[in-house]
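In the two assemblies presented below, chain A is common to both, partnered first by chain B and then by chain C.
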Partner chain A sequence: MILSTKEVNGVVQATILAVEANLTNADQFKEEMITLMVNGAKLIVVSFENVNYIDSSFLGSLVVALKYGLPRSIDIYLVALKPDVHNLLTLIRMDKVFRIFKDHEQAMETLS
Partner chain B sequence: MIAFPDPPTSVKRILLVEDSVLFGRVIESALRKAGYECVLCDSGPGALDLLSVEIPDLIISDYDMPGMNGFHFRQAVLMNPKINEIPFVFLTSFTDNSLVLEGLNMYALDFINKETPIPVIVSKLNNIIKSLENEHLRSVRELKIAADALNVKSIPTSAPELPGFKIHFWHKGYRGYPGGDFIDFVRVDNRYCFAFLGDIMGKKWKAWFFTFGFLSYIRAAIRFCVLDKDFDLDEIVQKINKLICLDESLQNILSSLSLILLDSETGEVHYTGAGDLPLIGFKTANQRIATVQSSGLLLGLLEEGLYDKQVLKMQPGDQLAIFTDGMIDIPDKNSKKSDYPFFVEKIRPYLGQSHSFDLIQKYVLSGIDDSNQLDDASIIFIEKQ
Partner chain C sequence: MREPNNKFEKVFKCSRQEISDMLNRCMDYVGNDEMISGGVTPEIRSRFKWVVTEMLTNAIKHSGVDECTLSIKNDAKSLILEKEDVGLPLRLAEPDGQKHISWPLEGAVLPVNFQIYQNGVESLLLTSTSKTNAVFSVKEIGDGALPPVSATLNEHFGLLILAKAADEFEYEYDAQRGINRFRCVFNLKNN
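On to the complex of A and B.
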């Protein structure tokens, strides 16, 4: 398992357990995300609180998950990005396709 | 000939599954002394948990352990396609012939007796690792020969010449593997030349394989637009993106792209980017650097890629650097990080000089090696003359 998950008010809160989000765990992340969606998640809030570094393979998996969710009206939010990870995502415009929040609480507030 | 250096003999990580703490510590310490990283685990289930997040280069397991014994552990490993190819060795005091045979039949590379003197155990493991490494090198070499025979190149051999501009480029594949970065130039005539740099997301062969699909689309889109005398880069990139989104074989494959068009008559550089890193521009008039950021999304992400276009007016002495994320990913303490400002600072002292790119090569790029490179690294460097 690379994600630890819990459901709060119908929202799946998923936390990436790895410190390095890279080639070795990218496929697993993708599979776990898609399984969550297949099992009925409508919104997955992914926390990067443990992640210091994200490589392009993992970014690819993140986008594959997004592309799986889009036609099914499933949203993916990203929270708790460390500054380096946040900067990279902004530099390559991922902030235009993912909603990014400070933490789970802030993400949940937008729903109420 | 595509120049792919051989991968390095990096530090190997060994997972040791052993319920006897004392024996485990002894072997762990001997392996560390021999230059290996060793992770000790006292049970099969614990090791399976560990294997779900970390992939070692070799697994050594005891046979006689409470709960899940070594054979059951081995079977669980074999059942999991993500870890079943990790080389596996039994290290146990049970040396009954039928047991040894049963162990070896489960695709274990060796069945080593615990009574063997420690230096001999380490030496046996050394030999196993070395021979696996040699086999790996042989396979990589054969693939390289095949790729070379097919004449598929994702990096050109030389930069084009265009009046008024000097174009340089540099590329280093991750650990010597051909990867997902690609560079190419399409010289239209004496006035115009396209240059582009991209990065297929992913590493090594998997990314490399898809570069040719992307390259073909990009080259074709550029050629068609040249035929139509349509040099609007945002539209070219939008067309490329559409083709990629429609191509089922490229589903779930993404790539960044920096596409530029050099106009030697006006000295202008036209630019459209797709999920690429901001370019670094140096202005000789004020000796300042500024980043140039486009709005476009990665190729293959969404059909509507939000591509924009920019025109940079370059004066003699002005410079422009276009590069992939392998340049900004660096080791950091025991981890890694992506640090764009770090790379800007690294090349900053050499910008605005008469042989800037030579200096950048000498003092920055030559320092990129297997110990600090985390991904394919590529750069195109343009000087207005």
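On to the complex of A and C.
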């Protein structure tokens, strides 16, 4: 398992457990995200609080998950990005593709 | 073992489990003020880390060989990361997957200009002025607004990261020796 999950008010809060989000765990991440969607999640808020760095493989899995959810009206939010991770998303403009929040609480506030 | 000044050269075994160790070795090198006079700014360190990671990832995913050589060189003006392998030459597809290009560019009319990726606001371009080289660059396109997310959104970011994080990114194929050489240059503005 690369994700620790819990459901809060119908929202799946997922936390990436790995410190390094890269080629070694990108496929597993993608599979777990899609499984969450298949099992009925309509919004997944993914926390990067443990992640020190991310690579293109993992970012690719994130986008594949987003594209899987798109026609099914399932959204993915990102929270708790460390500066290096956030800066890489900004570099490739994925900060404009995903909604990004400081933490789970801030993401949940936007839903109320 | 201590590295000689201004030179780092390591063999990377193309395995997922080796990424972290090699990345740490590279970052230790550029973080050592004795190796790079004046040190490297945190901003360049971040970009360098992204580039090393993508170089290693590409070696595992695309080279088709068990190992490659990673080297770091520097002087007062620049920091250079090179990856060499004797694996498969570079082969790229246009975003629609209809057109491919591979090295050496036999029969191509030079210069070759090729779009690898575009997301509506920027385009990743490749230019080859000889049969054996390729220079990558990113050009702004459109009105600056990213189009809505759609099924066509590209999820392959490796080359884009390399081209944007480094100040220069190029590829060279040594046809006589069968060597692929990827080179990223970082300008050491504050050093």
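Methods note: the second predicted complex is superposed on the first by the 112 of 112 C-alpha atoms of A that agree within 3 Å, B and C clash if a C-alpha of one lies under 4 Å from a C-alpha of the other, contacts with A are read in each partner's own complex, and residues count from 1 in each chain.
We take it that contacts are C-beta pairs under 8 Å (C-beta built on N, C-alpha and C of every residue); 3 or more make two chains touch, one makes a residue touch a chain.
None of the values given here were measured: they were computed from a predicted structure.
Trainee: Determine, for the superposed arrangement built on chain A, whether chain B and chain C clash or fit.
Mentor: clash
Trainee: Between chain B (first) and chain C (second), which, if any, makes contact with A:85: first, second, both or neither?
Mentor: The answer is first: A:85 touches chain B but not chain C.
Trainee: Taking the superposition as given, does A:100 touch the first partner, chain B, the second, chain C, both, or neither?
Mentor: neither
Trainee: Tell me the contact category for A:71 with respect to chain B and chain C: first, second, both or neither.
Mentor: second
Trainee: Classify the contacts of A:1 with the two partner chains as first (chain B alone), second (chain C alone), both, or neither.
Mentor: first
Trainee: For A:59, select first, second, both or neither according to whether it touches chain B, chain C, the two together, or no partner.
Mentor: Touch partners of A:59: chain B and chain C.
Trainee: Report for A:34: first if it touches chain B alone, second if chain C alone, otherwise both or neither.
Mentor: Neither chain B nor chain C is touched by A:34.
Trainee: Does chain A have more residues touched by chain B or by chain C?
Mentor: B
Trainee: For chain A, what residues appear in both contact lists, the one with chain B and the one with chain C?
Mentor: Shared contact residues on chain A (touching chain B in one complex, chain C in the other): 20, 23-24, 53, 55-57, 59-60, 63-64, 67, 70, 84, 87-88, 91-94, 96-97.
Trainee: For the complex, give me every residue of chain A touching chain C.
Mentor: Going by the criterion above, the answer is residues 20, 22-24, 53, 55-57, 59-61, 63-64, 66-67, 70-71, 84, 87-88, 91-94, 96-97.
Trainee: Using the touch rule from the top, collect the residues of chain B that touch chain A in their complex.
Mentor: Chain B reaches chain A through residues 52-55, 82, 180, 199, 201-203, 252-254, 256, 275-278, 293, 295-298, 301-302, 306, 325, 328-329, 332, 335-340, 374-375.
Trainee: Can you list the chain C residues touching chain A in their complex?
Mentor: Where chain C meets chain A, its residues are 16-17, 19-20, 46, 49-50, 53-54, 57, 60-61, 119, 121-122, 146, 149-151, 153-158, 160-161, 164-165.
Trainee: Within the complex, which stretch of chain A touches chain B?
Mentor: Where chain A meets chain B, its residues are 1-2, 17-20, 23-25, 27-28, 52-57, 59-60, 63-64, 67, 70, 84-85, 87-88, 91-94, 96-97.
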